[in-house]
Amino acid sequence: MDLTLSPQEEAFRDELRGWLDEHHPGAEPEGDEAGFEFRRSWQKTLHQAGWAGVSWPKEYGGRGASLIEQAIYNEEVTRAKAPAAVNVLGLAMGGPTVIAHGSEEQRKRYLEPILSAEEIWCQGFSEPESGSDLASLKTKAERHGDEWVVTGQKVWTTLAHHAKWCMLVARTDPDAPKHQGLTYFLMDMDQDAVQVRPLAQITGEAEFNELFLEEARIPHANIVGGEGNGWPVAITTLMHERATLAFGLQIQVKIALGELMEKARSTTVNGGSAAEDEIIRDRLAQLYIESEVLRLNAYRGLTHTMKHGVPGPEGSLGKWQWADVNQALTELALDIAGPQALLRSDDWTYRFLRARANSIEGGTTEILKNIVAERVLGLPRLR
Amino acid sequence: MDLTLSPQEEAFRDELRGWLDEHHPGAEPEGDEAGFEFRRSWQKTLHQAGWAGVSWPKEYGGRGASLIEQAIYNEEVTRAKAPAAVNVLGLAMGGPTVIAHGSEEQRKRYLEPILSAEEIWCQGFSEPESGSDLASLKTKAERHGDEWVVTGQKVWTTLAHHAKWCMLVARTDPDAPKHQGLTYFLMDMDQDAVQVRPLAQITGEAEFNELFLEEARIPHANIVGGEGNGWPVAITTLMHERATLAFGLQIQVKIALGELMEKARSTTVNGGSAAEDEIIRDRLAQLYIESEVLRLNAYRGLTHTMKHGVPGPEGSLGKWQWADVNQALTELALDIAGPQALLRSDDWTYRFLRARANSIEGGTTEILKNIVAERVLGLPRLR
Amino acid sequence: MNFDLTDDQRAIQRTAGEFLAARYKPEELRRLALEEERGFTDEQWKAIAELGWPGLVVSEAHGGLGLGIVELVVVQEQLGYALAPTPFLSDVGAALLLEAGGEDETAAEYLPGVATGERRGTVAVWDADAGWSPTHSALVPGGEDGQPTLTGTKVAVADAAAADFIVVSGADGRHFVVDAGASGLEIEATEALDPTRRLYSVSLSETPARELSLAPEARRRAYEALTTALAAESVGVAQRAMEMATEYAKERQQFGRPIGAYQAISHPCAQMLLETEGARSVTLYAAWALDHEPDTSQLAAAMAKSYAGEAGWRVTAAALQVHGGIGFTFEHDLHFFLKRARANLHAFGDSRWHRRRVADLAGV
Amino acid sequence: MNFDLTDDQRAIQRTAGEFLAARYKPEELRRLALEEERGFTDEQWKAIAELGWPGLVVSEAHGGLGLGIVELVVVQEQLGYALAPTPFLSDVGAALLLEAGGEDETAAEYLPGVATGERRGTVAVWDADAGWSPTHSALVPGGEDGQPTLTGTKVAVADAAAADFIVVSGADGRHFVVDAGASGLEIEATEALDPTRRLYSVSLSETPARELSLAPEARRRAYEALTTALAAESVGVAQRAMEMATEYAKERQQFGRPIGAYQAISHPCAQMLLETEGARSVTLYAAWALDHEPDTSQLAAAMAKSYAGEAGWRVTAAALQVHGGIGFTFEHDLHFFLKRARANLHAFGDSRWHRRRVADLAGV
C-alpha cells in the first residue's frame, strides 16, 4: 500500500501542472457563444500540446496515460480551474467507443477531428419515455438501400446545437427483444430533418436540448459495432461516461466544500461566524469526511481496476455517493445563508438547484442501488 | 375544531384519575411470577370497579366508552404509571374478536373470564417461516369427527406459559388459495400436545415464546367466525391490536422523552450539562416535536374514525412513526451517556436494545409503508 | 375533543379551493411568476378582496371578519396547494401586526382600509446582515420623539413594490409604519429563490415613520400567527407535490411496470404522506392554540414552523426525484413548488432556529 | 500510487482470516461471551501469541515484529469480522502507549514481555464521570516525586482482570503504569452493552504507579493508532453483518419471493456496501498515514473513527431490520455484532467527538 505518487506519476503531474500554469487561458468570457468558442480554442491548445485525449492510445492521437495518470489529469485540470475541453462527449465517450467498436476506416475518419475540436459530438440515447429503462427506446430507423431513415425524439442532449455528430441509438428491428434490435449510429446533425430545441432546467439555464428527428438520413457505413448490436456499444459509451467523470466529480466536491467553509467563516449570524456554530461545524465536518471517503474510494477503485481489469465493488458507488454529498453540501450552503437564502444573492442558489439533478442524471440513485444490489451483492433481480 | 375535552370527557377523565390515585397498587414486585400475579390481581381490581374492557359494549361487561374516552383511558393509565392489566391480549384483541365474530354462546363462555383475568389469552398467528407474509402460515389442522387435530409451530407468543386460551390461526384446507383455507380457533393451552419454549431476545429477556403443537386437539365448537373464514377474523384481531396500542405508545414516548431530558440535564459532559450542548439540544427538540406530531396525528385519527367510521390516512402512520421516534430517542440516550454508554449502567441500554424490535413487531415498517402506498395513496401493488 | 374543521371552516376551505383552482391554473401561475411585474394583477387582488380575505384576521371593530387563525391556515393551505402568487400573506402579516396594536391610533387608521383590501401592507423584518432570528433588528429610529425617521436597509421584503404601507421592525422589538412614497424610501426588486413571491430590497433614508405601540405579548402572537400561516402554506405545497408524485408514479412506465409499483418509489411516496399529514396536524394544532390556548401557542407555533418547513422541503425534493428528468425541467411545474417550499423553510426563522425555540420553551 | 495491500499484508490478512474462522466459530464466540469468565482462554491467547500478534506493533528493538499500523488494521478487521472475544486490542493499546515512550525505561522493561504475549496490558482512560473526550482525565498522582501513587476510579476498562499491567491516563496527558496486584488496586466486573468484550471498573487507592515519559506527539499517535484499529474492527463487524443480511435476503422467502428481490430490502443492503467500503477506504488511509504521513494522520484517524463508528452501527442496525424477528432473538448471532458496533461507536470518543476534531484539524 502506497498512497504517494510514483516518480513517473509525479513527473506526469509536474509536467501538466507546469503546462497549465503557463497556458491557462484565464476566465471564460460571458455569453454562451463566446464561451463555446473560448473552450473550442482551449481544446485546440490542449491538443497541440498533446493534452487532449490523454487516455486514448497513442496510435489514435492520445497520450496512452495510465488510469492513475488520467485521475491526476482530471484532478489537476479541476484544481487549476482550467476550462473544460469543449468536445467533452467526443473525448470521453464517442472516441473511446469508436476505438473499441469502430472499424479502422471509422477510426481514421472520426478520431482526429474529435481531438482537435473541429467536429463536436453529442449523445442521442435518452428519450422522454425511456429514462432509466434505456433499452425501451422507441426512435425507429428503417433501411432504404444504403441509407437508414430515422424518426423519433431524444432528450437530455448537451451541445446538440454545436454538434456535427450524434451518437444515436435507434431501434432497427421492432420485432426483436428490447435489448436486441438496437443499432448504434453516428448521425450527421447537419440536416433539416434534425431539429434541436433547448430545454430549460429548474435553474433557468438551458444546459440540455431535445432532438426531434423526422426522417433523418444516416449512411449505412455510419453504424458502429454492427447492425442490431447497439446495446453493448451503448453500454461501452456509458461506462466511459461514469469512469471518466468520477474523478472530476470528487475533486469538484472538495473545491466546493472549501468555498463553503469560507462562506461559513465569512457569514455572520447572531454575533459570531456561522463556522463557529456547533451544528454547522458538525455538518461541515461530516461533509469533509464524506468528500474524503469519495476521493479515497475513487483511488481504491482505480487500483482495483488496474490490478484486476475491472472496477471493484467500491467503483459502483462513486456517482451515487457524490450525488448525496453534493446535495447535502448545497443544502447546507442555504442553511448557512439564513434569510439571505431567500435571495439569489450568490452562485449557491444555482448550485443548490442544479444539485437536484445529481441523483437523476447519468443513472438515478435508485438504478445505481439496483445495480449494486444485483451485480455486487448478488441479490435477486426484481424485474 | 376544539382540542379541549367536552364536559363529559372531562368527567370521565376526572373519575378515572381519582380512582387511579386511590387504587394505584404501587410498584410491581421483582420476579416474573410475582409480577404476573400482581398484575392479575390489579386487573381484578380494575374489573370490579368497571375499568377493565372500557371499550367493550356494556352488554358484554365493558364500559362502552367512546374512542376519545378510550384514548383518555390509555393516557391516564400510562401517565399514572399504573401496571398493565395482565390479560392484555384478551382485553385488546381476543374479546373484541369474539364480540365481532363469535357466536352468542362463545360470547357467554369467553368474555367474562377475560375481564376478570381468570383466563389469560395468548395469540398464535406468526410462524418462523411466515413473518410479514402471515397468510403463508403452515400450521395444519385436520378434522377428526368433532375435533380438529393441529400440528405446527408458532412464534412471538407472549404470555403463552400463563395462557388458558390461544387465538390460533391454522390451515384447514391445504388446497385453497393461501388467504382462504385458514380457520380461527380458540385452543386450550392446557394439554401436553402444546409445548411452550421461552425465546430470549437481544435484550436478554424472554418476553416471547415459541409454541410447538404436536397433534393438539381443539373442539369444532371453538372455531370463531366459521371454518375457512380465518383470514378476516385474524385481521379483526390485528386491527384491534394496532388501534388499541397506538394511544399507549404515543404517551409512553412522551414519558420517555421527559426522562431523557432529565438525563440530559443531569449528565455532565465537558464541564456543562448535556442538555446545554447545541447538538443534543437540537435533537431533543426534534424528538419533542415528533412526539407531539405522533400525539396530534393520533387524535386527528380518532376524530376521523368517530366521524367516518374508518381511520383517516393519518391513522396508518402511528405505529411506523412511533418506531422511528422511539429508536431515535433511545439512540440519543446512548449518545448523551458518552463513555458510560459502553456499560449497562441504567435502564436505557435495555430500552435501546428493545427499541430495535419496534420497526419489526406488529407489522414491519416496510410492510406499513406498502400498506400506506397501496391503500392510502392508491399506488399499484408490486406483488 | 374534536380535531376536525367546523362546517364553517370546511365551507371556507371549499370556497378557497374552488376559487384558487379556477383562477390560478398552472399556466396562470407560470405567467404571473415569469411575466407579471408585481407577480399578480389588480383584478386578481380585487377578486380576493371580494372574498373578504384581506379582512380575515382584522377584528370586526376595524371592519374585518374577525376570524381566527384556524380560518387563516385553512385559506393559507389552499393558497400553498394552488401556489397562487398573491400578496395576501404579506398583507396578512401587516394586518396581524396592526391588530396587535390594539387601541393604537395608527392601527385604527390603517386597518379599515386593510380589511376591505383597499390598502395593502407588507412586513419588512430582516436587516441586510441579519442572522437567523426572524425579529432581530438593529434599526434605531432617528428624528424627534413622536416624529421618528428610519434609516437602513431591509432585505427580502415580500411584495414591497405593491404595498401601500410597510410595517418595519426595529431594535428592541419596536415596529413602525412607513407609507409607500414616503421620502427616502427606495424599493428595488431582487432576484429570489422562489419566483412565485416577489422580494424587494427596501432602503430607508431618514424616512418618516409612525411607531406602532405593541405589547410584547401581542407582537409575539402576531409573528406566531404569521409563521403558522407560512407553515400552513408549506402543508399545501407538500400536499400538492405529493399528489403530483403519486399521480406520476401511477402513470409513468419503466421496465414494463408503473414506477409506483417499485418500493424505491412507493416508499418515498408513503414518507411524503407521513410528513405532510404530520405537518398538517401540528399546524392545525398551532392555529387552534393561537385562537384558544395562548399559553401553549408559542411552543406550538415554533413546532409547526419547524416541522412543516422541513416537511415542505423534503416532500418536494422527494417528489422531484420521483419525477426524474422531467421534474428537473423548467417546463414542468414541480420546481415552483420546490422553490416555494425551500424558501418557506428559511423565511421567518429556519427550522433549526425554531427548534431552538422549542428546546427553550419545552424545558429541554 | 497503489491503494491496495502488499503481498505480505495479504498474507497476514489470509492467515488471520483462516485462523479466526477455525478457532472462533459462532458457538465458541457465544460460549466465550456468555460463559467464560474473562471472555477468552489461556490456550486461545497462546495461539494468538504464537502468531506474533502481541508483538505486531512492538519495535524490533524490544523484541516485537515492528510492523506498521496498516498491518495492525488488517488483523483488526479480521478480528471484527470474526468478532473474536480476545484481549488483543486492550493489549495493543497498552503496547502502543509503551512504544510511544521511546527510550523510557519502564517501557523498555515491559515491552519485551508484551512482544511475546507473556505480559498482557490494557488501557484505563475514562474517569467515572468523564465526558466525551477519550483522553481527558482529572486524575493527579499523589506520593513523592519518582514514586507516584494513584487514587481514583476508571470505568469501562477492557480486560482489566486479565491484564498483568494497566496503563492509566491522568491529568495533563500524563500516563502511568500500574501492575496487577498492586496495593489499593481493585478490579470489578461491570455489565457491558457488548458481551463480547469484558469491561471492568478499576479503582485505585494510593496505588503505586510508574510514570511513562511520553512526548505529546508520540502519545497522540498512540491513541490515533488505537482508534484507527477500533475503526478497522468496526469495518470487519460491518462486513460480516452485511454478508449475513445479504445471505438471509437471498434465502428468506416472503410473498413468494426471496426478500432480497424487494427494494425495501435490497436498497438498504446496497447502502450497507456503500458505508462498509467507505469505512474501509478511510480506515486504510488513516493507517497508512500513521505509518507514512504523520502530518495528516491526526485528521485521517479522526475521520476513520467517526465514519467507521457510524458505519458499523448503521450497517448492523440495518442488518437486524433485514432479518426481522429472527434477528431480534438472542439465539441468532447478529446481536453480538450490533452490540460491538454500537460500543465501538462510543469507545475512545464517539463519532460526534471525532467530527469536532475533524472540524478543528480541517480548518472549518
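A, B, C and D label the chains in the order they appear, each numbered from 1.
The working rule: contacts are C-beta pairs under 8 Å (C-beta built on N, C-alpha and C of every residue); 3 or more make two chains touch, one makes a residue touch a chain.
Please read all numbers here as calculations on a predicted model, not as lab measurements.
Ranked by distance of CA centroids from chain C, the top chain is D. Remark: among chain pairs A-D and B-D, A-D carries the greater number of C-beta contacts.
Between chain A and chain C the centroid-to-centroid distance comes to 40 Å (mean Cα coordinates, whole Å). Chain centres here are Cα averages; for chain C and chain D they lie 53 Å apart. Across the assembly, chain A contributes residues 279, 282, 366, 369-370, 382 that each touch 2 or more other chains.
For chain D, residues touching at least two other chains, in rising order: 257, 262-265, 267, 352. Across the complex, chain B is touched by residues 277-279, 282, 382 of chain A. Of all residues in chain C, those touching chain B in their complex are 1-6, 9, 70, 246, 249-250, 257-258, 260-263, 265-267, 269-271, 273-274, 277-278, 281-282, 284-285, 288-289, 292-293, 303, 306-307, 352, 355-356, 358-359, 362-364.
Of all residues in chain C, those touching chain A in their complex are 126, 129-134, 136, 155-156, 190-194, 199, 253-257, 262, 264-265, 317, 320-321, 324-331, 335, 338-339, 342-343, 346-347, 350, 352.
Here chain B touches chain C in the complex through residues 1-6, 9, 68, 261, 264, 275, 281-282, 284-286, 288-290, 292-293, 296-297, 299-300, 302-304, 307, 313-314, 317, 320-321, 366, 368-370, 372-374, 376-382, going by the rule given at the top.
Of all the residues in chain C, the ones that touch chain D in their complex are 262-264, 267.
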